[in-house]
Every structure is written in structure tokens, then in C-alpha cells.
Amino acid sequence: MGEKNKEYDRFLRNGTNTDRLQFFSDAVFAIAMTLLVIDIAVPTISKSVSDAQLDGALWRALGEEWDQFLAYGISFWVIAVNWAGHHRKFRLIGSYDQRLITANLALLFFIAFVPFPTSLISEYAGAMPAIVLYATVVSVISGLQWYLWFYAHRAGFLAPEVTEGMYRYVSRNYISVPLVFLLSIPVGYLFGGVWAMFFWILNWPASILLGNWEPKRRR
Amino acid sequence: MGEKNKEYDRFLRNGTNTDRLQFFSDAVFAIAMTLLVIDIAVPTISKSVSDAQLDGALWRALGEEWDQFLAYGISFWVIAVNWAGHHRKFRLIGSYDQRLITANLALLFFIAFVPFPTSLISEYAGAMPAIVLYATVVSVISGLQWYLWFYAHRAGFLAPEVTEGMYRYVSRNYISVPLVFLLSIPVGYLFGGVWAMFFWILNWPASILLGNWEPKRRR
Amino acid sequence: MGEKNKEYDRFLRNGTNTDRLQFFSDAVFAIAMTLLVIDIAVPTISKSVSDAQLDGALWRALGEEWDQFLAYGISFWVIAVNWAGHHRKFRLIGSYDQRLITANLALLFFIAFVPFPTSLISEYAGAMPAIVLYATVVSVISGLQWYLWFYAHRAGFLAPEVTEGMYRYVSRNYISVPLVFLLSIPVGYLFGGVWAMFFWILNWPASILLGNWEPKRRR
Amino acid sequence: MGEKNKEYDRFLRNGTNTDRLQFFSDAVFAIAMTLLVIDIAVPTISKSVSDAQLDGALWRALGEEWDQFLAYGISFWVIAVNWAGHHRKFRLIGSYDQRLITANLALLFFIAFVPFPTSLISEYAGAMPAIVLYATVVSVISGLQWYLWFYAHRAGFLAPEVTEGMYRYVSRNYISVPLVFLLSIPVGYLFGGVWAMFFWILNWPASILLGNWEPKRRR
């Protein structure tokens, strides 16, 4: 309502410089990645262990934390890969409006949330609630990354160098991650939660296959 | 006192490039947002729960943490919306003096403080001290956002494109948040703290109504 | 040793763009400021307190944490003021060498350390070890801020607009903080640690007096 | 596979502006450095200690935490020195491809991990698992820093001012850190873990010697 207000909004909420948007997003990505390490607990060795046995006991205790290290590694890589994708995309997004900012904030919401399902997985490795939550969060993140790209294209925010073929190529790259992670949920229920986690590793070959696939229809 | 000192101060404390100011503020916003997740506790399941029952127990435990998830969601959104507003405003603020920097640091003080009332609310959902503290902090943040805009206007720091009508439009947008949050305090005392939290949701329609309202007098 | 190596060092370690230096410092300042809030503990209310009495018990528990809130406030402001001073200084520092970078990293070392003496003070308010450690860290920070300014001047890194009078004006501004904080240590031993903390508040009038004082000799 | 896809990849994954890459890396370095302080525990003094004895007990308790302060100091400096090296290198790296980004993310992975072996060392000073893990992480970081430099050179990303002699000079500077840290592991097994930590201090003279050494063959 109100012609004037709409005009003000257009002026205030749209822009052609995404530097601060990228900068702010980078900070959230970086903090989420670096906070993950806080979750890896320093092992507690019983006081009754003698000095001579301490080294052995500490090695064993560290070995028993393998799931915490694995969870740290997977989550760091999930956030890192999403940062790299965000970086690539925003090099080509030349302007923004309020909706793009809101979608980006929603993405950051889930990026900042990643440390929680990571803790859950490293505390209850193989338990299905941890698997379902983790797989859902990763899938939602991929979905929002795709939406940012889709919306920037539709709204005409992409740099003129981006051809239709390139736009579709990038879009295809967002299919494999949610596909693998969502499929891992029934896999976990059928064969056990640990198998779901192994299923996630399928992400690499799947993303390569789908990324390389080139549709026949012409551009 | 001292002509020379005053002259030095003018030179040292005023500037026409707010990049580092924005950058620094962004970092504080981003860290405060990302720290919120640390507060969500990984549920502890009693050791006596059998493996077969673990999944069910974990789902229930996660469900019982709904207030922690809600608190995380609300606070993330409060900080995100304030970041977006800060971003919009500083695109139009072309220079600064010491007072603007001090006001901005005061704003960051309360932004960085948000994780504390958030923990309080998720630990004691519905308790009035938590409600009062949270509502007060959010209102003070809105007040300081308004003050930055008001002061930048008065001191002549706004870009020449900002018309009087636009200045007043943005100012009106800062009324609804403190209004709703401060009103929620008596609501909480009259009907119970949980109702105060539901009252906060009124913020959305209120901000739309007040934002769209266009005063009759001409510009 | 080695002419070539020296030449390489000159090329690699000196530069005329302090953007990344400022940016990196900003991030450390922002994180140290925002981490302070983690230290404020959510009060624990005994389970035996009835629902009707919860509000009163929580208000009292929050009131008893006044020293934690005070410590948060003081430390946030110490870091904020130091950020503002760093910001002002680096606007005028146009180039750098290895020594300037090392001195800046030493400053960041102590800025990042501030949360520890802050915790100590909020846990053992008035205990002299906490007072001595806090006062020493704040004084060392001021000393390093002064050194950065002194060294940038001596090495010829300051912008040409900085006159001798202005250089000395800024230098004088670094005297009051270490003076007040170091003097607070004997005050604490003579009259008790709480008086040392009140003594810190003298910092404001002292910095105004010293900052405004204008030496008679001409520039 | 697919000519078109390869062409898209070239366009999407290569670039000539490393600003955002540097910025993001800076944030990770800054956060990892600042998080270290969280690990220094505020000492707990038994409630049975009288007020008159509190100061003495607190001084002693702080003194007994010397290993935590040492671990904080060493790790801060390890990350700071690596930041300075990253900063110097990326001033001269003018473009990037996907592999450089991946190698940089791998570096950040280990930088963000440093707080964990630091906690381990400050909890179990002198225990060999802590020594081995710490020395390995620091060596891997140095190795990745070297790889970034090596790869940027091979791929032709270095600024034209970088001569062959300068390239080799910087490369030599990466030899001493892994050498000293990896050698400290057998030293620790032969003479005890504390000696390994003293051995690390050799890093300073070793890096100066190796850095200054100038090979005879001409450039």
C-alpha cells in the first residue's frame, strides 16, 4: 500500500553491490567451520592410571573418539564445499533485492545450525534421529543454494556472461547432494544408521556423474 | 579545550569512508548469530536405555528441547533482521564522526549480548525475568538503530538521494518493534510469560501496518 | 645474511596497503568482544523452588550476578575503545614492514586474551590476583597501541597530513590508561581490590584531562 | 566429460581476484586464534579457603596453570606466524583455480583444528600422544603452506615480479618448521615429552639459518 512507500522500498532494498552481503556470509561460514572443533572433547583419563601407562591410555582414548573426528571432518567439508559454491555463485550475481537477502539469511541460518546435528552425530553415532536431522539440514542447505541461483537467474541478477547452458549446468550440480542425503534416510531405517553414513560418501561419485552429464537438447 | 586539540580531533575522528565500520559491525553480527547454536544442548540419554529404545528416547529428548530451538530461531532472526537494517542504512551513510561510532558500538554491545537473554529464555521459558530482559534488549537495539538513523540525518551524513519522505519512512519502521516488545511485558504479567512470547509474533503484522502507513501531510 | 635474501625480504615483508592487516585485526577485536558474553552464566535455580516462587528466585539470582554483568560491560568497552583507537590510527598508516605486523600481532595476542582476566574478575571480584592480571593486560594493550603509533611515525609510515603536533597529541592520549590501571594495583593492596576497580573509573576524567592538555612549546 | 561442461568449469572455477579467498581465510585464522583463550580454565578455589587466604591460593592456582598459558602462547604464535606467511604469499598470487581453493581449504581445516591438540597439550603436558598430534598438525600446516606456494608457481599464478630466486627463497623458508617439529617426535620418545616441547623452540634459530642460507648456483 502507498505508492511512495513502494518507491522507497525499491530504493532501499535493492542494490548493485553484493560485497557486504558476501563479506557477511563469509564470516558466518568461517565461524561455523571453526566452532566445530569446540565439540571434540579432550579425553578424560582416570586418575588411577599410572604415569607409565598414561601414553597408552591416551592413545586408546583418542582412538575411541574416531566418530568425533569423523563428524568434525564431514561437517567441515560440508560447510567448506558450500562456501566454495557460494563464492562461485556470487561472483556472477551482480545485484540483489530483499528476497535474495532473505534467502541468503535463511541459508546462513542452516549453515550456523550445522554444529548442532554434528554434535548429535558424534554423540550418538548411528542413531536414526541424528542421521535424519543431519541429512535434512544438509539437504535444505543444498536446496537454498539452488534457490539463490534459480532466483538470481529469474530476477535477472546474473552477469551477462552467464549463458543458458551454464545456468543449467550449475543447477544440475545441486541435484546430487539432496538426492544422496535424503535417500540415506530410508537406507538408514532399512540397514542401520551407520550404513546411512557410508551412503553419504556416495555423494562424491554422484556429484561427478550428475555434474558431467550433458543433456542432448541444444542450447 | 585547546584550539589545536579540537582541530586534531576533527581530523582524527571524522571520516568519509564507513567501510571498516561496516565490516567490523558485520563481524560482530555474524559471530553473535553463530554463537547462538552453542547454547542448544545435546540431549543426555540415560545409560539404562537399551539400544533398541535409543532412537525413540532421542526423538523424545529432542522434542522436549522445542523451547531451545524456538529461542535459537527467534534470536537468529532478530539479529538477522537487524543486520539487514544496518546494511540498508549504512549504504546511505556517507561519513561519520566520533558520536556515530560510539552509538554504533553501543548497538554492537547489545547485539553481542543477545545470546545471554536467549539462553535465559530457553532455560526458563515463560519466566518473567527472562521475558522482561529479552524484550528490553530487543527494544534497546531497535532504539539504537533508530538513533543511528536520526543522528546521521541531523548531522548531514546521509547521501543526497535520501529525501525527507524517505527519511521519515525509515524512521516509522523503527516504531513497531519496541512497541510490540515493550507491550509484551505487561501482557506477560497479566496473562503469563508464554503469552508474552506469542505476543512477539504480532511484530510481523505490526511492522507491515506501520511501515505501509503513509501520513497525509505532504512532503 | 646474503644480499639477495635481504632484497627478497624487503620485497616480501613491506607493503603499502594495510587493508588486510586492518581487516584481520577487526576480526580478532570483534570475536574477542563477542566471546565475552559466553562467560555470563545462566543462573541455576534449585529444583525445590515452586513455580510461583520461580520469578522472584530468578530476579535475585540475576541480581547476584551483577559482578559478571559489570565485568562484561567493562571488558566490552575496553576492547571497543581499543578498536576505535586502532581504526583511527590505521586510517593514517599508509604502509608497513615486518616489525609493524609483529607489533600488531602482539597487540592482538593481548586483545584475544582479555576474556580470561575478565572471567577471573567476575569469578573472584575484588581478589588481588584478578585485579593485578586485568590491570596489567589493559596497560600492556595501551602500551602496544602507543608503540604502533610511535613506530609508524619513526619509520615514516604515517600519512603526510599528520603534523608533529598531531603526532604528539595522539601519543599523549596513550598515557592516561596505563597510568590509571597501574596505579590501581597499589590502591588495591592498600584499600582492597574493590577500590582498585572503582579507581579504573577515574580513567574517563583522566583521559579527558590529559587529552586536552596542550603543551606550551610551539609546533 | 563433455566439452561444454569443461568450458563452464573453467569459467566458474578460475578467477583473477583472490580478495574473497583472503578475506575468508583471515576470518578462519582470526577465529581459531581467539578461540584458544576459551581453553584456559578459571581456577577453582576450594570453598574452605578463608577470605584472607584467597589471594595466595589464587596466585598458586594461576601458577599451576603455567602449561595452559604456555600452550595458549605457542598456539597463538603458530597461527599468527602462519597468518603472516599466508598474507605475504597471497599478495603475490594474482589468480586461482579450483585446486588452489581446495588446497587453501585443506590448510584452513588444520588451522581450525589447532585448538584441539592445544587443549590436549595443556591437559596432558609431556604425554607423547599430545606431542605427536601437535607436531604432526603443525608440520602438515607448513607442508600445505609450501604446497600453495609451489602450486601457484607451477600454475603461473604468481605476480610477474616474483623471480626464480625469490620463489626458491620462500620455498626454503618452509623447510625448517616441519623439520624441527617432526624431529621432535623421536626426541620425545628418547628423552621424554617435555624435551620435545623444548626442542620446538629450536624452530627460531633453525628458520633463521635456513632462511638466510643462499645456494651457490646462480639465478
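The chains carry the letters A, B, C and D, assigned in the order they are written, with residues numbered from 1 in each.
One rule holds in what follows: contacts are C-beta pairs under 8 Å (C-beta built on N, C-alpha and C of every residue); 3 or more make two chains touch, one makes a residue touch a chain.
On a predicted model such as this, the values are computed, not experimentally measured, just so you know.
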Other chains in touch with both subunit A and subunit B: none
Since subunit C and subunit D are copies that touch, is their contact same (over half of the numbers shared) or different (under half)? different
Fitted rotation between subunit B and its twin subunit C in degrees, CA, nearest 5: 90
Where the CA atoms of subunit C average out and where those of subunit D average out, how many Å apart are those spots? 26
Centroid of subunit B to centroid of subunit D, CA atoms only: how many Å? 36
Where subunit A touches two or more other chains at once, the residues are 23, 27, 31, 35, 38
Taking chains as nodes and touches as edges, what kind of graph is this: line, ring, star, complete or other? ring
Which chains touch which? A-B, A-D, B-C, C-D
Interface residues, subunit B side, partner subunit A - complex: 22-23, 26-27, 29-31, 33-38, 40, 42, 45, 54-55, 58-59, 62, 72-73, 76-77, 80, 83-84, 87-88, 91-92, 161, 165-166, 169-170, 211-214, 219
In the complex, subunit C residues that touch subunit D: 1-2, 4-5, 8, 11-13, 15, 20-21, 23-24, 27-28, 31-32, 35, 38, 101, 105, 108-109, 112-113, 115-116, 119-120, 123-124, 127-130, 133
